[in-house]
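There are two complexes below, and they share chain A, which is joined by chain B in the first and by chain C in the second.
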Partner chain A sequence: MHTNLLKWSLLLSAVVALCLSAVSYAQLTTNQQQEWLNSPAASSHVGNLSGSAHAAALPYRRYCVGCHGPLGDGVGENAPWINPQPRNFQLAIFKCRSTPTGTLPTDQDLYDSIGRGLDRSNMPSWNVLTKQERTDLVAWIKHFSPRWQNEKPGTPIQIPAEPEITPDRVKAGQEVFRKMECWKCHGVQGMANGPSSSTLTDDLGRPISPFNFTDGSRPLCGSTDSDIYKIFMTGLDGTPMPSFADNIKPEEAWDLVFYLRSLQPHNAYNAKERQIANQLGLKPVNPNAPAQ
Partner chain B sequence: MKQQHKRGLAAVLVILVLVGLGALVISQKVSAAGAGKISGTVKLDGAAPHMRGIDMSKDPFCDNAHKSDPAHSENVVVGKGNGLENVVLYISEGLSGDAANAKSTQVPVFDQKNCMYTPHVLAMDVGQEFKVQTSDQTAHNIHPEPNPLTGNIPWNQSQPPGAAPVTKSWKTPEMIHVKCNIHPWMSGWFAVVKGPYATTDENGAYTIQNVPAGSYTVTAWQETLGTQTQKVTVAAGAAAAADFTFKAK
Partner chain C sequence: MRMWAQSHLCQKPQRVSSVLAAAFALIFLILGSQSASALPAFARKYGLRCSACHESWPALNNFGLKFRDNGYQLMNDRDAPIWQNPGYWPVTFRITPIWHRLSSLQQVDTYTSGIASPTGSTAARISSSGFDLSGLDFHTGGTLEKNISFYVLPSSDSTGSFHFESVNARLDNIGGSPWLNLRVGRFELNNLLSEKRTLWLSGNGGIYQTYHFIPVGDGNIFGQMGDNQLGMEYLGHSVDDRTRVSASLLSSSDGNVNLSTGANSYSGFFTFDQGFDTGKLGTQRIGAYAFVGEAATYYPTNSSGGTGAVPIPGSGIGNKGFSRVGFYGQFYLGPHFDLNVVTQHGEDNAWFGQGYGNAIASDGNGGATATCSSPANGPNCPLNNTPGTTLPAGSRSPIWNGYTFEARYVYSPQLIFKAVYEAERMQQQATPGTVSSLGNINNYSIGYRYNPFMTSRAGFAYFGEFNLFHQDGTGPVNAAGNTTNVNTSELLFGLDFDF
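Up next is the complex of A and B:
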């Protein structure tokens, strides 16, 4: 009887000690995040809406926590079955930005990603939530990372007005595609089968495919011409896709957009590009052509 | 009773602050003396590990560049007398005030040459500018992978043939791995440290210049073999020695 009591009390104290240590570990991060939740950075402005992180606590629990986790570290209970892994908001590295590589996105960028969802991932479109809810969620996302306390979002890249599409521009765009060696990953016909495509990994070391222009997929960060412009000028941080802002001039960038459009199957945006490419009889780029 | 308790606490606090200030003043004085240096050799104890050959046949430019001189991975590069190349040496403890904050105005260069990184490990001071350039007629992307929570933020930039060099710097000390996604064999390091540093040459020799007199802990870092430390005392304007030996894995 006596020994039994001793055994039980030992076991109990061990359990209590374990629980305490687990709690205190988790507490550290939640404490910090609690502090950040009450900081000025945990707010957002999208158009004429202002978001408050506090208001998003419930919607986050309801819609986001399963994948992104209570601490926003991207390892919620569904995460083991999801590829690519849900975004880790603590690191604050985002693919879809209007800002240069290595900088934080704007509130608008995060708001757009929530509403649009990310094609070819498990992130659905959340445009069923009200605009106010989505704006609040942007503020909530920002309370997870110390980066929002210390850094400002980058300055969005300048996108000049879209010029008139001409055959010369489509041809020039193909030359940019060849010179920048986009085909190394995306393939000479944009079929995601370039020589480097099979060894690409994301920042977590997981295999990742380049975008296939020909299979009807939506571009990751939006379907408009300027969305495509932004993708290659800012890069998709966290993935192999680099920023070309230093190497592609703004006019050339529009040429490249037109050429990329011509690779896509018929959609709502590219009738003219496809027609021009057809008339020109454009052949896929030749990777063995001497560099100029 | 409570009042007394508070007074005791205040006294302890005051003493702590005074001791702290005293320590600061003393360390300031140490750094004021003339600059010396620390030099030595870093060696590998044991057989040099086999460095895997690299198949670059995916990219004809890279493949041609190594036709006569096949490329090998550079994780552990051993030279004459078992000297270890690409080991970074820096002062991890004991630097104070001006010496810790002095920045080199040199701009070290990280070159993408023949689809390898030259040098394989580029050491630099916190906040020191460095340049990334390409000498290749094939496109690279330069993609460092620091931990963003340290304050060093990852970025990823294209470097097609003829691209202008990019100039960057890092905010906090960290050993940052660098890769090129287009050429998955390309692997290098930005070794960001605080204060004076050196990298070993092909014979494992190094010299850390501009070390003020004082007692220090010197750390030697090798990308796969880890770190080693040694206590070193430098007299004003004199040279001190510190040799390191890493056990082969």
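Up next is the complex of A and C:
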């Protein structure tokens, strides 16, 4: 009888403890975020627009919460069914930035991501929202993480003017691709089948695929030449794609842009690059070739 | 015995724990069931909540409008069906159990003391209430391949009699341009204030009177913008969907199938609308539409059956014109309040005004029964513009104006309050001397919808609404022999769900 009583007491205590801990965790998190919601960091500035996190509560609940979750932790009700997983705003680690690796993005970076959407993910373009709504949502995103309370966004990298494309530049870009070992993930033909491609994981240990330049996908952070330049000069934080800002010079980065363009199927941006690549008869990168 | 006793003692807590376990299981099942229900077709494909596309289901917001205009695509690389689990079947069904109370004036027999059979009739109010059902809709739609989409909606009335409410296929973004989309089949016209996505479910409140108004005695059923039509639609829109333009070529059949009406009558429906960002107020949208066409007034007949001159389906000629033109407005005053406005200026040819037009279609003037040679032959007798028919002296085109105002207060994505006022006003009656207000309509509705949960898996709402409908001079005849006004009311509560 005593044994039974003990057993039931333990069971009941465990259930109560579990419930209390769950409640207190949620309470703590909610309280923290309420505090951050009222902090100066929970605002945004994009062009002439000023955004307020408070104003975005309704749009966030309407459009975003199903994936990103009420607490912005990326575990909304749809998260288990989505690959790649929704962004965890509490970590404040963002792929698409104009700022150096490891730093916070600018408000404009977040605004652009919302409006552009992220191809090869479930994140659609929200350009149908008004500019004010998108600016408010930027402020809302920032209220989820303590990083915004303590850190300033990084300084956007300088992107030099795009040089004239020449056959020499496309060839030089291929050499950068080889030298920086881009092929290890992206493959010697840019088909996302490099020797490391199947082993890649993001910072949270989730499998992740490199970008396939040849299947017509839009680059994750924008389709212009400058957007591509930014990707390898800032890196995609939270993924295995590093920043090469310390390893290649700006003119080499432009060469790489031109070469990568030549790998893509015909699109609105790469007619000249493809023509040059055809004229040159470029072959796939040879990983074992001596450095030029 | 002792063993039994021990065993019995041991069994007791086991039974208790079994009950507790079952109770816990039930609680978890109930709590968990909110996100484990089956899946509305589009939401489950993209993992978005209902509220992403719907201001309140099924009314679209701007994001949902863009999604629809893109052919049910988000325009990322997840649109093609290859991204879906092979088990994905894009079907949603919707049926609505309701309780409602209807009250209307009807023609009722009167009796005199001592006489068992009716001795007259009068207008009397009949009220009835009870539990009821809506019809059943099976929505299925999506992409067959990137930029090729479809929509099929078999729909029944509340007795289970089915028809195809929508069936269409679309070629989207032809040549990579959002300005070139083509749709063929039966579809809802590109009305900015969509009747098929209305938040209302009562009999008179569930349709927009402006989209269906027909002057008293008019025989033209073919200009009803609220009915899905058969034809082909061009739609173009800007990338952000702020600018939209459409043009449709339609059979003048009011959506009836089997070429059962005119031999060669067509109509066109044209729309243009433009959205404007107005800062914190939101996106304002204004637009215009024109519905112009011709429909038959003369149907060759066959009298060989001995049942009179029966019109031959599909034979309609003697086309006469009609038009409906107006403006749309969709005005947001911040994130919580919006106002939708539709105006209409309508005009039918004088032949329609005198009751010619529909002698075939089953939803209008009596179906394919024997026609009449004269309007004097009876109010339910389809008129036929047979050779030699002349219009009564002074006949003219009926002209009217309509106004619809629908206001919504969105407290949250889960709770919406709504109100509608509609006014239909005759400007010119078809027959001189007719009371100028005959047929005028005032229609009022107020209501709410509350979604107790909101996921991408299923839609469920408690809703309630109240409707008052008034029409001048078309009610039953009272004891004094005067035609009364129609005054009906409906109170309705229900559970709306899609699965």
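In this section, the second predicted complex is superposed on the first by the 266 of 292 C-alpha atoms of A that agree within 3 Å, B and C clash if a C-alpha of one lies under 4 Å from a C-alpha of the other, contacts with A are read in each partner's own complex, and residues count from 1 in each chain.
By our rule, a residue touches a chain if its C-beta (ideal position, glycine included) is under 8 Å from a C-beta of that chain, and two chains touch if they have at least 3 such contacts.
Computed from a predicted structure; not experimentally measured.
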| item | value |
| --- | --- |
| Partner chain(s) touched by A:C185 [first = chain B, second = chain C, both, neither] | first |
| Contacts of A:A161 with chain B and chain C, given as first, second, both or neither | neither |
| Which of chain B and chain C A:I82 touches, first, second, both or neither | second |
| First, second, both or neither for A:R147, with chain B first and chain C second | first |
| Touched partner set for A:S243, first chain B, second chain C, both or neither | first |
| Chain A positions touched by chain B in one structure and by chain C in the second | none |
| Touching residues (chain side chain C, partner chain A) in the complex | 13, 35, 46-49, 51-52, 61-63, 65-66, 74-78, 239-241, 277-280, 282-283, 335-336, 410, 412-413, 455-457 |
| Touching residues (chain side chain B, partner chain A) in the complex | 58-60, 137-139, 141-143, 145, 148-149, 151, 153-161, 163-164, 166, 181-184 |
| Chain B contact footprint on chain A (complex, rising order) | 90-93, 101-103, 145-147, 150-151, 179-181, 184-185, 195-196, 199-201, 203, 235, 237, 239-247, 288, 291 |
| Contact set on chain A toward chain C in their complex | 4, 8, 55, 58-59, 61-63, 65-67, 77-78, 81-82, 117-133, 217-218 |
